[in-house]
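Consider the two complexes below, in which chain A is the common component and chain B and chain C are the respective partners.
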Partner chain A sequence: MEIKKTAIAGTLESSDVQIMLTQGTDGIVFDLVSDVAKQFDDAIKQTINQVLSEYGIQNVIVKVVDKGALDMVIKARTVAVVQRALDTVGEPKWEVL
Partner chain B sequence: MTNTVQDIHMSNVTQKKNWQAFLSKLGITKFNDQELDAIEQTIGIYDDEQLVATGSIAGNIIKYVGVCAIGETSKGARFNQLMTALENRMALLERFHQFVYTKPLYVQSFEHVGFKLLADSSAGVLLEKGSPDVQNFLNAIPKALQGVQTIGSVVVNANPFTIGHQYLIEKAANENDLVYVFVVNQDVSLFRTAERFDLVKQGVKNFKNVIVVAGGDYIISYLTFPSYFITNTQQVINYQTTIDARIFKNIIAPALAIQRRYVGSEPLSHTTNLYNQTLVRELEPEIKLIIVPRIAQDNQTEIVSARKVRQAIAENDFEAWSEIVPETTKKFINQHLAELQMRIRKGQKINGN
Partner chain C sequence: MKNKVERDIPDDILKQSKRQIFKGVDYGQPTIQRVAPKVKATTGQNKILDSIDDVVTQTIKDGMTISFHHHFREGDYVFNKVMRSIIDHGYQNITLAPSSLTNVMNDIVVEAIQKGVVTEITSSGMRGSLGDAVSHGILQKPVVFRSHGNRARAIENGEIKIDVAFLGVPNTDDMGNANGRDGVAAFGSLGYALIDAQYANTLVLITDNIKPYPNTPASIKQTQVDYIVQVDEVGNPDKIGSGATRFTKDPKELKIAKTVNDVIVNSKYFKNGFSFQTGSGGAALAVTRFLRTAMIEQGIKAAFALGGITKPTVDLLNEGLVAKVMDVQDFDKGAAESMKDNQYQQEIDASWYADPANKGAMVDKLDVAILSALEIDTQFNVNVMSGSDGIIRGAIGGHQDAATAKLTIISAPLVRGRIATIVPEVTTVITPGDSIDVIVTEVGIAINPKRQDLIDQLKDVPGLPLYTIEALQEQAAKIVGTPKPLQFTDRVVAVAEYRDGTLIDVIKQVKE
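On to the complex of A and B.
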């Protein structure tokens, strides 16, 4: 699947995460800011990667500002931002949820 | 305790007064029309009835950010809530790219919410977030081929393109293997950005080693850099030009392997002259700044300038502008004379740059 438009989801508030997707051409490229990047950098990326692969997205720039979000929050925000970026907000992909 | 986000309307005198009083307490005291007129939206966070944080949107710039930490549940909570609200509002406007100009001491706060530093000076700093960012801007510019040794650069507003610009670019083209010509993007001039860009392209099409690039957000947008957080006027010009020069030196020039920058000598414009002085101070020695004496007309007393062309258009003095613009620009002016004169009558300033 191709990203149709730049989209953003989530907030910058404590225990949340803000994710922005933009069209990319070079695989999945991360730009991640987190106070807990040292410990959880890989875990955050893995969660996001999982969702992206379920939607079949292969090329995208992912900008993440993490404020200590738990795994399920990251997943939920990723699903939201993907649906927005694919312009399919009205058609949730139930099997991913 | 409930924090709610609300609009602050500048047209509402009471709201505006409260807003200014709040920012003044936080040390932001400059509210001139030029800064305020650019604001499209202002929001406030209220703790019950009390304003505790505010920020404004002007194009892709976030400004007049102020946060009061008294009574905050956790450090930075209000700031983060404010930035979220501002970014979401911009996203609704399809703007996913933000700039912030602020004092050096706030760099960390903005970096914590994903901003990246573009350039700093002791008086103020510039950060950006989102996309397309400076990397996207640089990626879109054609790069020099293998074997190209010397790369020069020229920045022009070209309002409009004159034989003076042509002379400067020709000199650079003769002295370098490749020359980048950046055209300032700000659409505030008599000639529209698209028109200026086209006339530059046409005016240099005989020079095979010249690449004309739209300057985007990163080349001399200093003319519109917000500076409300700096009180001293002299410091403002210094800060704006320094930031511009450092973006060029630290980000743009290395990415394109630019070694030289050519500018015209500036006997007439005070601001541009200060700008040239800043360029000397900031760019050297890594990037060589070559100041080329401006060419003059036959009588050697009057230098060629785009301002003179605009003046001549206002006065309908065909002879005066024909002498100092190339054929391509002349043709454009002749075809659009009525419209250009209309713009001047409607209040377009022609004295600036």
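On to the complex of A and C.
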């Protein structure tokens, strides 16, 4: 599946993460900036990938600006940005949550 | 070779530095031969020179060791003025041996290294762009980190030989009688600089305030001073120390501070005539407030407060809850100003404060020390030097020295953002777990199993949850996940000494 429009979720506050999705054609492409990239870049990507796959999204550009968010925050922001990008904000996908 | 805290100190580093590995916190009772400085006799003519350029060209030669103090902290103008002149005159192979390096000094030190002016550094610590540059291998020779007490020791026994000390002072007379208490850029205690004044072969005072002779009280004496240079300004008073000390409103810090207080007041050390040292962080200041209430309620008075002093500590002195303040530096304006008027706020030098190679330092009489940490491991070892990315961003300060107190408490949050504070193994060991007694976090405390007496005293205190350090570490890992290990090359960019001069750890260059 592909997303319908560019969407953004999250802020640049400490312990938050800002995620932007834009349409892509070349699989899931990450552009990741994180205060804790040295220790957690793979973990952050894995969490986002997990949510994307639950929504069946295969092609997307994921821009991540992470300010040391915990895993559940990253997951919540990813769910929010995906629902926005799919234009399905009114219909939460309960099985993902 | 592995040392007492299981850190592998490379053999070539031991050989080059001619140092021993760290073997334990007990200094023993060795006999030490101290060194003495050269004295160029004068009756005082020609002490005053016109400019920093004049004094630099008269005193500096290639290959010398020069020193500064960091009492002006982020408001320091002296360091930059002197280093500018040294760089512009093209001197080479200088060893920089300041009491510490603050952020305002970073850019010019990096420039001096790039130009071959500075080739060696010893300091309490470094941070920002300089810490970053050193961690990326800008210096050929490893930086040597020493605690404040250890720096005094190393100067006294000649391991650091200061050729020229450039000491900024907010006042002096024309012979060099100076103190830190008066003037626009007053900062209070001259504690760290007094060692340089006593042992440097050549002592240069830089001031913006020449007072009538004789200037008293004289912390630095005319007998020690070779040259005096007057400049427009030695420091920015707004950046030397924060004005009014902020009382934290952060609920996590308050919870930690309250818990630290509970540990202290329920320990056997909380009795009339006890002594304590706190740091300058938000939680440490809050502890002082909580302690005040407990002291009033239980009618307990302290004999002395030690170390870096803040306004809340001076308030305790003025209220009569603390009999003496033994002051090696002042963290804020309130503490600095009070030194001028209060005879019970005693200026102490770094040796008197914390040097182990001494006929008794003040830390030897210290009951309670409250210290902070970047990381603590399950062996209770503490890192205050390298950040979660492995890059140098801290200072030993008096950490190793004060940690020899009878009750050493580390106050730290369980996690900071996504970074665990309590970890299986710290990146850099600065203070050995053997001198740490209690860890206080917002979720509860852990007591070093070596201190069964403290466990007995504190295990049944209501509202003081006691965990093992391993349980706290696991709780932290559960919140943040498991980080990838940091990547370092084999090249050593800095060594950390223990306070006795042995090597407790090395810091390696970060991988790009």
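As a working rule, the second predicted complex is superposed on the first by the 97 of 97 C-alpha atoms of A that agree within 3 Å, B and C clash if a C-alpha of one lies under 4 Å from a C-alpha of the other, contacts with A are read in each partner's own complex, and residues count from 1 in each chain.
One rule holds for everything that comes next: contacts are C-beta pairs under 8 Å (C-beta built on N, C-alpha and C of every residue); 3 or more make two chains touch, one makes a residue touch a chain.
Computed from a predicted model, the values in this text were never measured in an experiment.
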*Give one word, clash or fit, describing how chain B and chain C relate on chain A after superposing.*
fit
_Going by the contact rule set out at the top, does A:43 touch chain B (first), chain C (second), both, or neither?_
second
*Please work out whether A:89 is in contact with chain B alone, chain C alone, both, or neither, and reply first, second, both or neither.*
neither
*For A:14, decide between first (touching chain B), second (touching chain C), both and neither.*
both
*Give one of first, second, both or neither to describe whether A:6 is in contact with chain B, with chain C, with both, or with none.*
first
*May I ask you to decide whether A:35 touches chain B, chain C, both, or neither, giving the answer as first, second, both or neither?*
both
*Between chain B (first) and chain C (second), which, if any, makes contact with A:67: first, second, both or neither?*
both
*Just how close are chain B and chain C at their nearest CA atoms in the overlay, in Å?*
9
*asked:* Quick check on the output: what are the common chain A residues between the chain B footprint and the chain C footprint?
replied: 14, 35, 67
*In the complex formed with chain A, which residues of chain C make contact?*
388-390, 416-419, 479-481, 483-484, 486-487
*chain A to chain B touching residues, read off their complex*: 6-8, 11-14, 18, 20, 22, 33, 35, 61, 63, 65, 67
*For the complex, which residues does chain B have touching chain A?*
74, 77, 80-81, 83-84, 87-88, 91, 96, 111-114, 130-132
*Using the touch definition up top, name the residues of chain A that touch chain C in the complex.*
14-15, 35-36, 38-43, 67-71
